[in-house]
Amino acid sequence: MPSQDALIAMLPEHFLLVGIIALILLEVLGLGTRAALWVAVVTVSAAAGAALFLAQLGFAPPAPFPGLFSVTPAVFMAKGALLALAVPVLLMSRSEFADGEFSILLLSSLYGLCLLPSSESFLVMFVGLELLSVPVYALVLLAFRKPQSAEASFKYLVLSGAASATFLMGVSLLYGASGSMSVETFARALSSGDAMSRAATVLIMVALFLKAAIVPFHAWAPDAYEGASVPVAAYMATLIKAAVLLAAVRVFGVVNASGPVADLLLVLPLLSIVWGNLAAIRQNSFRRMIAYSSIAHAGYLFYAFLGDGASRQSAVVFYVVAYSVVNLLAFALLPENAQDDARDNLQNLKGLYRRDPLAAGLIGISMLSLAGLPPFPGFVAKFLVFRNVVAAGHTTYAVLGLIGSYIGIYFYLRVLLLMFMSPDNAVPSERRASGMARMAGALCLVATVLLTIVPGWVIARF
Amino acid sequence: MDRTQLLLGLSIALFALGLLGLIIRRNALVMLMCMELMLNGVNLSLVTFSERYADAGGAVLVFLVFIVATAEIALAIPIVLLLVRHTRSMDIARYTDLKG
Amino acid sequence: MGLLALGSAALMLVLRQPMRVALALITTMVALGGIYGLLGVHFIAAFQVLIYVGAVMVFIVYVIMLMELREAEGSRRFSNWRVPGLVVFSLLLLVFGVSVWSGGTSTVPSGVSAPFSLVEFSAEFLTRYWLVFELTSVFLVAAIVAALAVIKVSLRVDG
Amino acid sequence: MISMPHALAAIVLLPLAGFLLNGVFATSLGGKRFGNRLAGILGCGFPIAAFALTVNALLTLQAGGYAPLIEPLYRWATIGDSTFDVTFYFDRLSAIMTLVVTGVGSVIHVYSTGYMHDDKSYGRFFAYLNLFLFFMLLLVLGRSMLVLFVGWEGVGLASYLLIGFWFDDLANAKAGKKAFVTNRIGDAGFLLGMFLLYRACGTLDMDTINAAFMGLAGNVPVVSASLVGILLFIGATGKSAQIPLFVWLPDAMAGPTPVSALIHAATMVTAGVYLVVRMSGIYIHAAEASQVMAIVGVATAFLAATIALVQTDIKKVLAYSTVSQLGFMFLALGVGAYGVAIFHVVTHAFFKACLFLGAGSVIHALGGEQDIRKMGGLRTRIPITFWTFVIATAAIAGIPGLAGFFSKDEILWYAFASSRGGSPWLWGVAALTALMTAFYMFRLLWLTFLGPSRMDHAVEHHVHESPLSMTGVLMLLAVLSAVGGYFSIPHFLDAQVPLPTIVAEREHYEQTLLIVSIALAFAGLALAALMFGGSAARPERIKRALLPLHRLLSAKYYVDELYERLLARPLVWMSEQVLLRGSDRFILDGLLNGVAAVAVRSAGLLSRLQTGSLHLYSLFVMAGIVGALVWSWRHG
Amino acid sequence: MDEALVLNLILWLPIIGVVLLLAARRNDQLARSLTVGVLTLQFVLASWLYTRFDAGAAGLQFASNVPWIPQWGVSYLIGMDGFNILLVMLTAFLGPLVVLGAYRSIDRDVPLFHAMVLLLQFAMMGAFLAQDLFLFYLFWEAMLIPMFLIIGIWGGTRRIYATVKFFLYTAFGSILMLAALIYLVQALALTSSVTSFAFADLYRARLPLSVQTVLLGAFALSFAIKVPMVPLHTWLPDAHVEAPTAGSVILAGVLLKMGTYGFMKLGFPLFPDAARAFTPALMTLAVISIVYGACLALVQTDIKKIIAYSSISHLGYVMLGLLSLELVGIQGAIMQMVSHGLVAAGLFLLVGMIYERCHTRELSDYGGLARLMPVFSVFFMIFTLASVGLPTTSGFTGEFLALLGAFSAAWPLHVAGQSYPLILASVAVLGVILGALYMLRFALTFLFGATTAPHQPLSDLSPRERGILGALVISIFALGLFPDSVMHKSELAAREYQSLVKTSRLPVPVP
């Protein structure tokens, strides 16, 4: 029965739930949609604050929900950081979404996100995954400005559904092999030799790959991102990916990757890095480009799993935070346009520096960081990952991965070329990013600076 | 070949058939049904193991799958309707605006 | 029972009319329900029939009927990827089969175990798994909001 | 004798001060009358002061019993245990060279105030001349090879600047560049030799190196003396215009005539000779190198003399004559007669400077005309120039009693009888060359001053004797050309660089050879008189009879063309076609662009795979699952 | 004043400058003055530290060490030593001159330009001062970005191609270096259980020859691209040609030295056994660079390309000196780095000045500038001669000592029967001939002959321009005539380098 520990252990989730209920009430009562956003922002901030505070306290109840849900300071830290990242997403949404539904759905999805790193059982993890993605199907569709949104939503739904089914299939095989729903069984199965366990681990990995968009399970991502609106694409590219990775961290636990899964972790991420970076070269849609970039980044992230199990969580969390922060920075400062296609078109960034130097500068920083160039946080993150890969003895794959990341530099630079070095391109009905979005950008910038200056301090806390 | 293996085989076959359905069928609704088929396949194996181990965990998961499947269908149908409203076609192969 | 499920599932993939596909799926589901019943987990069998056949499939059939009228004739059944799809499918079956049958189920207890009843299940569900229950409710709320949001979008687009 | 600190440094630095002051005025006051006067005063004052200081230093040297004066200035670099000092070294050899450089240099400066009077870059000219003197003095006074090398390259620079002094005509600037680059080829050899010595001796101080090779400093260096000798000699061939690097000197005549006199006759070109003498400690032990040097010297002398036979430009004749005389000096060096070579350097400095300045006076008088076919009959129009020219010509031709006679005769004698490689063959070729020398010099004299006038009317009208600043210098140099041979430099230097012993069985030929060489000088004179004294038709007839030979000589044996074909063009062709187009653009950039193209191509390919078809995506998923499962069997 | 603090100030001043520029972003003139002011202050402080630097003490001076990412053993560790002091001075010295040189030519986006110059200055300074491999890499890569923008925004017509080529080319090397440095640190951690990125710790890593070889290969690739050594040089001419004057000056003046500095500070000392094993191969490349660069400079028709290719040739001498492992050669290499920095900077500034007036870079468009612009020509001649390596200029000091070192190292090998190094050294000496050939060809067409420059009448150099060039000329002669005190500062570092590379660091077999 719920003890006080159990209550506190789920404090961030409770905040979110309260927020969801409040928002639903607001919606039902038809009270100001303007307030909805603020309620959501306050809720998410409170949840993030609570998580960070608990992390800082070192709050670690032994077993709030035995066999289902657990927390550690590191998990709180991760939740707190990711929830904090949702704040810019919310702020960004202001210009695209008038209604409160966005906030409700986002908060629901965040609730799912929070469940993932705490799951002790595949039951909770499955609910978390579904809670994470089901609202997003609606979110993709929500700012329905073009028929392609429905197409994107449907594709996402079908493939995500297939991922869920695959995940369940894996879980059920694992269940069959061990008779337990505990996530620990996955880690045990990694080193087990029997065929069913092996198939189970592979299926679960495939499902995670599907959700995280690893080649060859990536195909939904570019289409879904392009079809979604800017804030939703930003959310998908950053927090969803982060959540899936946290789930993956959770299932792996602290064991070192071995067996067939280790092979998958070598080959498919490498393929993703190369594929994502190559395919991004010729894109003309900003979101599609970011989608391919996110495919490549998913590759780096799964590379991080090769390393020492104990340091995996901090590596992955730092990476996703660094990656998300700069990604959100770029999305936040993208100039606004009534025409969604125009907003998305890379060519419309031409000469942005002349129109909006600040936005151009910050998007530039974001691109360079995504490219993994020093001194930006993306570099430290990449370093972290490849350090793990090398430490695990996979030097060749590290080198190949780095070369793959090299391919990516070009398309990030291309954005800079367009913004800084192309003649000014007057885009009809273009507006600078709104004040709210700029605020989101400012938050991200602060985080970027923090990550640049004191990466060691941050890593130590994850 | 014992019963467990048979049921597991059936479960896998249903799962694979569902996936195959996603690949080869053009009709959006049929594709959704194929997704359901995949989930049903999973359920079968879960129930089988749950019964074998006499453990409620599997059954709980099956229960969750029911709910999730329902929710997904509830969400998917309006999306399909929205999709169809624009192109007047259930043929998913025609929806290739997003590509490249 | 298993053969029935398998057969109707295979039928699903070849039937032209969505309505018939739906009927084949219902057959599969009912057959599965039967298997559950035979396995002794009666309450799951009941749920299967109630929720799946009763709720989900009725909804789908309803929609199909709604759409059938509009559906233009002559649309093709199979996608361009049917041949590679079938090839990969057979490979998948093969791989799965080898994985599972090569002593895959050896760890599963094969003795007859006492099937648990609805009462036991409910008790477990509300004690050990009450959190899951709570979370499910959150999920349902979210799903309802999502579905409503999508419908709202549909209305907006129409209006 | 006045003793003062940094006396030697002052000699060197005075011209530098002149350069700097003149350099400033040349750019700021250029062309103004006051500026010109100031430039002239500064330009001449500093060299003259340097000359005075040199005399003073010589007296100091004498007072000290000819013990070398060593005067450290500062430490250029310390690296580990080795140090590179800037130290001046003054002994008999440097004394003679310094006297020649400052002395002849001063008078040529004075001469230039007249010669360059109307030039618009008057100040710049004196700045350059002073700069040259600075580097030349550095060259002859440096104790270390490094300092010598600084001077060595520096005089090259000054030469480059002065050859291209009238840079509006690109040909002049080109000649300057050719001189510099050709010298650089030699310098590369010099550098290698220097490196080798540094490696072997651990120092670049030349007195120490000499001592080491002479075995005075204990262990003899392990390096082959001949190798070092050859490398340094390569440097000398560049600076002193020997085969194969002599081609730059005739072109260097593009510079103003005082420059030709000072740099390209009297001083700079003899730097190679100085170097060899300075390094005689090595060459004494380098029999092979010495032999090479003798052969190259005599060959150069002969070849240049043959070319001089047919040249029609007054300065070109003198230029080839210089090359030829330098060949004589190297012949002397090759047979070990170092003092004799220096003797010839000195006398040559006098008479060749006199000849060049005389030629300058002629050119000045004729308003820039240099073609001897358009001269003649100048004897009465510019008498002072004529008579000084006669004396100098007689001196170079070896007419007894004049300076050139003594030095050249000694060279011939040692070429014949030196125990260090003297041979009748060398003597024979040298003697033949001496004959030709007498011939072409008198030919020059005849065509320029004697016989009927062939000048253009406009030119003839303007002919005038040069101002005193020029004629005075000519007379001074003529006197020196006449009496310069009576101061026996070989004897003076014997204490430092002893003359080689004479092969015993050839000793009694001395009288005979003396007579032969006198005879040769007069024979040359007679031949010239015979040919050019009469009608103009006679030389034409001979020319036609020997047409192929004449053409070959006029074309200077096609050496320039040969170098152009063999070196310059292949170099440019290789750079342009092979390296630039082939390697840089085609292979390297092509590879790069190819890789980029492949990346873009494959990007397109991947884009095409993303067809937008959900069915295909599902297929990917299924195939992925299959693949992953199959892969997992690897661990079965 | 606390020296370590001053050193930090020197490093961070440009960043302060950037912040100030944000305030001055509407005022071009203010931005210029501000930048000049900041960089001048940096130079003054650097000069002060230069005088305080104790040449007799080995190791780091004025060091700061703050743990930064302690989990990985990364520290903010900066300090001055004999390796970097001269290059730091060079960087600080060229900084204000570059900005002054660009005073007139940059008229678009002036504040951004100056911000980029300041960032570049910061990164370069940081790369020289860093004593921690992670920090070094950070600065090393960070240099690319401002340079990328400088070329790309203010460059010539093909600037996009050039800047992307520059960026991708150099980034490629860095990527492999990154892999190598990760591996190196891991290997160090495994063998000696020290997790550290500090150079001093890494100098103690003992690795088998095969590993050393691979790692050196990765480091060397990165450095060789930056130097650049043939055949990895093709980015340089394009970058130089398209870059604005300031970009070219920084590129030639400082950036290229990064490569040679990297070899000296990292490449060779970290992997001494591999370095010694591959000396003949690297020497061959160095000599090929000397000759190749010179040959290509000979046939260029674009004045900036001539200087660009000459840089390739000149930096070959640096490599030769470093590889000689003779004290003389090492010191020569250091001098040659500084000298090339000054000379190439001067030449690019001159070319920039004439380009501002005539707007063409075609050599054949010019002629007889000596008549039209005498002061310009005097400066041009001086820089040309320094480039040729004429004695009394800094070019001679570097070239002479580097060659002397190479030769001294090669001769004993020749005596021992191994003549290849000697042949290489001799070919390198022959390179001086080619150097004279192409530079004088340049000067010949440029300065002499009939006057054919476009846009006559040309105004001769302004006092500002004279001042900039004058400062460079003075330093060139100072280094040519009195290099002793300067070389004294780097003497101990040269010895340290020598002993590091000469001492084998193969793993000790476990008894």
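Labels A, B, C, D and E are assigned to the chains in the order they are written; within every chain, residues are numbered from 1.
One rule holds for everything that comes next: a contact is a pair of C-beta atoms (placed from the backbone, for glycine too) under 8 Å apart; a residue touches a chain by one contact, two chains touch by 3 or more.
In this text the structure is predicted, and so the values were computed from the model without any measurement.
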Count how many hops through touching chains it takes, at the least, to reach subunit D starting from subunit B.
1
Go through the assembly and pull out the chains touching subunit B as well as subunit C.
A, D
Chain separated most widely from subunit B, comparing mean CA positions
D
Identifier of the chain whose CA centre is least distant from the whole-structure CA centre:
E
Looking at Cα centroids only, farthest away from subunit E lies chain C
State the pair with the higher C-beta contact count; candidates are A-B and A-D.
A-B
Distance between subunit A and subunit E based on Cα centroids, please, to the nearest Å.
42
Could you grab the centroid distance between subunit A and subunit C? Build each centroid from C-alpha atoms only and quote it in angstrom.
29
Whole-Å gap separating subunit C and subunit D, where each centre is the average of the chain's CA atoms:
101
Taking each chain's centre as its mean C-alpha position, how far apart are subunit C and subunit E in Å?
69
Among the residues of subunit D, which ones contact at least 2 other chains?
607, 610, 612-616, 618-619, 621-623, 625, 629
Among the residues of subunit E, which ones contact at least 2 other chains?
none
Check: subunit C positions touching at least 2 other chains come out as 79-81, 85, 88-89, 92, 96, 99-100, 104-105, 108-109, 128-129, 132, 136, 139, 143, 146-147, 150, 153, 157
Write out all the pairs of touching chains, ordered by chain label.
A-B, A-C, A-D, A-E, B-C, B-D, C-D, D-E
The answer for subunit D against subunit C in the complex is residues 613, 615-616, 618-619, 622-623, 625-626, 629-630
Inside the complex, what are the residues of subunit C that reach subunit B?
2, 5-6, 9-10, 12-13, 18, 21-22, 25, 28-29, 32, 35-36, 39-41, 44, 47-48, 51-52, 55-56, 59-60, 63-64, 67, 70-72, 75-82, 85-86, 88-89, 92-93, 96-97, 100-101, 104-105, 108-110, 113-116, 120-121, 124-125, 128-129, 132, 136, 139-140, 143, 146-147, 150-151, 153-154, 157-158
Going by the contact rule set out above, which residues of subunit D touch subunit E in the complex?
27, 74-80, 82, 146, 149-150, 153-154, 157, 160, 164, 167-170, 172-174, 177, 180-181, 184-185, 187-188, 191-192, 195-196, 198-199, 222, 571-572, 574-576, 579-580, 583-584, 587-589, 592
Which subunit B residues qualify as touching subunit A in the complex?
4, 8, 11-12, 15, 18-19, 22, 28, 31-32, 35, 38-39, 41-42, 45-46, 48-50, 52-53, 55, 57-58, 60-61, 64-65, 68, 71-72, 75-76, 79-80, 82-83, 86-87, 92, 95, 97-100
The subunit A residues in contact with subunit B across the complex are 121-123, 126-127, 130, 134, 137-138, 141, 144, 147-148, 150-155, 157-158, 161-162, 164-165, 168-169, 171-173, 175-176, 179-181, 222-223, 226-227, 283, 288
